[in-house]
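One chain, chain A, links the two complexes that follow: it is found with chain B in the first and with chain C in the second.
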Partner chain A sequence: MSVTALTFILLLIMIASFVLSSIKLKSPDISMVVAAIVIAVVGMFMFPDLGSPVMYLVEGLFVNLDLAMLFIAASIFVNIYSYSGAVSTITRGIVEKINNKWLLITIMGVLMLIPGALTGAGSVAIFVLGGLVNTVLESLGVSKRKRTVFIFFFAILSAAAPPINLWTMLMTAQANMPYVGFTWLLLVPICIAGAICIVYVGWGAKPEPKEETLKKLPERTEGMTWWRILLPVAAIIVLFVLALVAPWNLPVLGLPLMFVIAAIVALLCNPKKTTGKQYLGILDDTMEQVFPLVANVLSIGVLQSAMAATGVRGLIGSTCVGLPLVLIYSLILIIGPICQGCFNYGCSVVLGGPLIFMFNTLGMDVTVICAALSLIFPIGDCLPPSRIVGRLACEETGYTDSYLGFLKSALVPILAIGLIAVLMIVKPLWFTFLY
Partner chain B sequence: MVFLENLIHILYFVMAGLIGLSMVKSLFKRKKNGSIVFDIMYAYCLIPFLLRVLYIK
Partner chain C sequence: MEATKKRFILKIAILVVMLVFAAIAGVKFWQLRHYKETIVLSEDITDVKWLSDYCPSLKDTWLDTPVFIADSGVEGGTVFINGCPHPYEPASTMAAFLMLENIKVEKGKVIIVPRANYSGSTEGMVGDAYPRFFTVETQWGGETFRIGDRYTNPLDQWPDPFTYVNYPSGQNLAYQDIRNLNRTYPGRENGTITERAAYAIMEIIRQEDVDIAIDMHEAEILYPVTSTYVAPAKVLDREKFLETGVMEYIEPERNSLDVAMMAAMNIDQFFMKCAASPNTLHGLSHREWADWSDAMTFLMETPEIFIDKITGPRTEALLYEGKDEFLQNVTDKGLTYFPYDMEFGTPMWYRTARHLSGAMEIINWAALFYDDVECIVSWPLYEEMAEIEEQGIDSIGYFLKNPDAPENEANRFVIYHKPVEK
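Here is the complex of A and B:
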């Protein structure tokens, strides 16, 4: 039997073990590791030259370790900042001062973008701001289903927003591309799709009196001043800018350490009397909150390493290179999100990486295409089996009706971002002015 | 500059150690996701942090 046929059998075994494990264990993360172990063991018998699978399975855990540390550090910063009362104070201040419905919905959308943009995880945006945004939208007369759509959609947009977009990071890491030039390429489509979502959600909503809204919001934190609110955010922005402006005059801090420094600033700016035990409680809660995401990126690394060692990744890559472009253009909006629903961030390795290589072979602008793919993948966060963000959004708003009904309602903004992304893939040269 | 770079390098090891400790704690005692599936996930996610702290990798 040829090597290609053997590798194809391995691919089928991988898919079968992933599906069976997902059904039995109900977790895409551990299923990826199970699939990796299965193909590593079977691969050892098929290709004896491969040697022991233990080495590359353990090495796989290190592939995305930096990303995992970034996740944890950023979430610690966001949670300490949120605990200090800064987020609720900002929200209350905005609601008190602004009377325009459209402006208020827009600000809620922009606020929701920030935690996810800083941490790379849409779920963090829901954890930090979901409840407050839900209250404000409810007071504006937005229906429960549309509130769920709003929170879900801005959560996935926040995950895709720069500076931290994990799909792009994983794809660029695979393709040996620098993670540079994505800021406007990601921000502009996000702003357009966000605006469409705001119009869709706000259309026909009738606001209730402002006093009613303010009653539902948490009180201002005593002692929370503007400088306490601004300083932690300013710290992280200054560190980002310094790393970009003066890279030769400063030591390389790295994103995780930058967030740790910002978290220390947030801790110092906290006006509440907080004991060390309470801070430890925040850290423990943060670890539990981000663990599914940490497990996801580490599991992706294991699968990535096993796929690379056994040749499965090469097989998918070389098959993708031979696919007709029309097929990719017409199916990417369906396959991309489904793949995300199955593998979470792993889709950028299983599907994204090979597609980048394919478009690179065709001489197309892979920076634009990489950004476009990372706008398509997050859509799958509402699809089974994982549906992490969709499920969280439903829990946050207390939406208990049909999940399919929610998906149908979310179709308008999803199509908006999806079609922009497909246009970016079909005509990447039109968007090169954005970087 | 070299001193600062070395310091940052050490800080990352310390961070890995602290995260590892927190994971060990969560492995035995946590508020949610208490199933055995998560026990296994915590156990294998601990490996890279442990190996890094021990200077093995």
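Here is the complex of A and C:
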């Protein structure tokens, strides 16, 4: 039997074991590990030269270790910051001072773009601002489902926004292209799609009376001042800016440590009398919150490693890049996000890199195409098996209804960004003026 | 109560299985980290230095690595050859090892670094399921060599920033490129450990007055620059940059691209093309070596399908023979940059031989263009290796020497990040 046939069988086995395990165990994370172990063991019999899978399965746990640490550190920061009363004070301030619904939603959108644009991770945008945005949108009468859509969509836009777009960076690194010229190519479509999302979410929402909203919001924390609110955020902004403008004069801190430093600043700025035991309680709760996400990204790494070893990744990648151009144009909006759902940032290597090389062979403008792919991939952050950002958005708003319902509601803004990106791929020359 | 107890036992059982997995993998990681390769140096190797001789702060780190010098004693050109800048491109290392074991120098001087990023060779490509080792068939059995990662091992340099800013260009690159030796040139004396290694390599080129600097790599066949010489057509006006910070590019005194083009045209045993190093892409050897020294610089890429990622099962055989159905399909659709034929594959000997002959062409053509850089040197070349392969013998193994043979004892050298007692 050919390698193609054998790896196709492995792909089917992987899907079947993932589905069965998900039904039985109700955990996508454990199911991914189960699917990885199953194809690793079956693969060992199909391709005896592969040898023992233990090492590459364990190695897979390290693929997203940094990302997992970032989630933990960012969550600790956000939870301590929220506990201090800063978030509720800001929310009250904004609701009291701004009366225009559209202006308020736009401010929320722009604010949400910042953390992800600086870190390259949409989840950080949710960690930092998700709670605040949820509360403000709720006060404006936006339904829970649309709030979830708004938070999810701006989180993925923030991940795609310059200056740090990890998909673009990984693709340019693979293709030996300079990471230059992407600012407006990314920002313009993001602004258009963001505006569409704002209109979609805000349309028909009826703000409740301000007094009602203020009643629902937590009271201002005693002793909370503007400098206590600003200092922790300023700390993280200063660390980011210093890392960009003075990278050769400072040691490399890494994102997790930056958030830990900001968490310590938040702790020092906390006006509430808080015991060590209470802080331990916050850390404990944080780990409870973030554990499913950490398990998720670590499991993806294991599955990714098993798929690579057994050739399943190769089968998917070679099939996708081998599709006729018309099919790629028509399917990229489906294949790209699915690939992101499976591989996370790894999709820029599995699918993005080969596609860039393929379009380059055809003499097309790969800078525009690279930017377009970087706008498509983040959409997959709402798709299984990982659905990291989608899940975080649901958790942030407390959305517990059908996940499919959320996906349907998110379709309008997703199509907006997706269609712009597809147009950029089909007609890249139309967009070259942006760089 | 019974259900709780069962659940507890199940959790303990899973934990035990995980610990067993971790222990097995831990042993394998440790073996890879500490495996020592032994080679037999040619009689023409006259001196062994270390990267830390050019950047002292590298001493006792996993980025320190031996630097071999073969000096003929006859005035001529100085050639620098960089092997294993990316350890996951193993033909680069094998070519350097074959040079070290077989080199003869009649004129000029040759400097060879066989494992430029030693740290990167002590771990695998995480998430890419690389085999740890590969074995070359030899007359005395087999010799085992390490593969490695593209990047410096995170055990030696961690964490990564959220974006890497190359020095001194200020160009933003992907975050993990801070551990990529071939993105950190010209390096910094007090920078990260990878930047220091890059700086040490620049210092070799500057202090040893290198005329011809060759960096050996491998590339995926979906990558346009596979099977290619990359060389700069123009170089940075260093004085202007240091005075004003403005990057302007000027005609070099000696044109590497001319040499590379002639070398590529002259090679008829295998497909090789030529590309100009872009002025706007920083941190790479073919750009920064030329910008920050007076050497003519060249980067060579061989076709290595394992890097393509969209391959079939990731076995040692795939790495060594390069025969893959998926890449054949993709090639048949005209999507690759190399005339890939699965029947032949891209075997290790072929890729290694390409580097050996590719480097020789550069050295010879540079001497034809500029006679003061002439270096008369020899090592096994593509034609010899192809002839040996036709006889069913592994040509890499054929040119390797047995490190355990008594006659080779005096020239035995253990490749490690610090000197090893014989």
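Note that in this section the second predicted complex is superposed on the first by the 249 of 435 C-alpha atoms of A that agree within 3 Å, B and C clash if a C-alpha of one lies under 4 Å from a C-alpha of the other, contacts with A are read in each partner's own complex, and residues count from 1 in each chain.
Everything below uses one rule, namely that a contact is a pair of C-beta atoms (placed from the backbone, for glycine too) under 8 Å apart; a residue touches a chain by one contact, two chains touch by 3 or more.
Note that the coordinates shown come from a computational prediction; the quantities given were computed from them, not determined experimentally.
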{"item": "Contacts of A:G322 with chain B and chain C, given as first, second, both or neither", "value": "second"}
{"item": "Partner chain in contact with A:L253 - chain B first, chain C second, else both or neither", "value": "both"}
{"item": "Partner chain(s) touched by A:I72 [first = chain B, second = chain C, both, neither]", "value": "first"}
{"item": "Chain C versus chain B, contacts on chain A by residue", "value": "C"}
{"item": "Contacts of A:R313 with chain B and chain C, given as first, second, both or neither", "value": "second"}
{"item": "Which of chain B and chain C A:L331 touches, first, second, both or neither", "value": "neither"}
{"item": "Chain B versus chain C as contact partner of A:F291, first or second or both or neither", "value": "first"}
{"item": "Touched partner set for A:M169, first chain B, second chain C, both or neither", "value": "second"}
{"item": "First (chain B), second (chain C), both or neither touched by A:V58", "value": "both"}
{"item": "Chain A residues contacted in one complex by chain B, in the other by chain C", "value": "58, 62, 252-254, 256-257"}
{"item": "Interface residues, chain A side, partner chain C - complex", "value": "2-4, 7, 43, 46-47, 49-50, 52, 54-60, 62-63, 66, 118-120, 163-164, 166, 169-170, 172-180, 240, 243-244, 247-248, 252-257, 301, 304-306, 308-311, 313-318, 321-322, 346, 349-350, 353-354, 357-358, 360-361"}
{"item": "Of all residues in chain A, those that touch chain B in their complex", "value": "25-27, 29-30, 33, 58, 61-62, 65, 68-69, 72-73, 251-254, 256-257, 260, 283-285, 287-288, 291-292, 294-295, 298-299"}
{"item": "In the complex, chain C residues that touch chain A", "value": "21-22, 24-25, 28-29, 124, 126-129, 132, 158-165, 167, 171-178, 180, 183, 188, 191-192, 222-225, 278, 280-282, 284, 308-317, 324-327, 329-330, 333-335, 337"}
{"item": "Parts of chain B lying in touch with chain A, wherever the complex brings them together", "value": "1, 4-5, 8, 11-12, 15-16, 19, 22-23, 25-26, 30-33, 37-38, 40-42, 44-45, 47-49, 51-52, 57"}
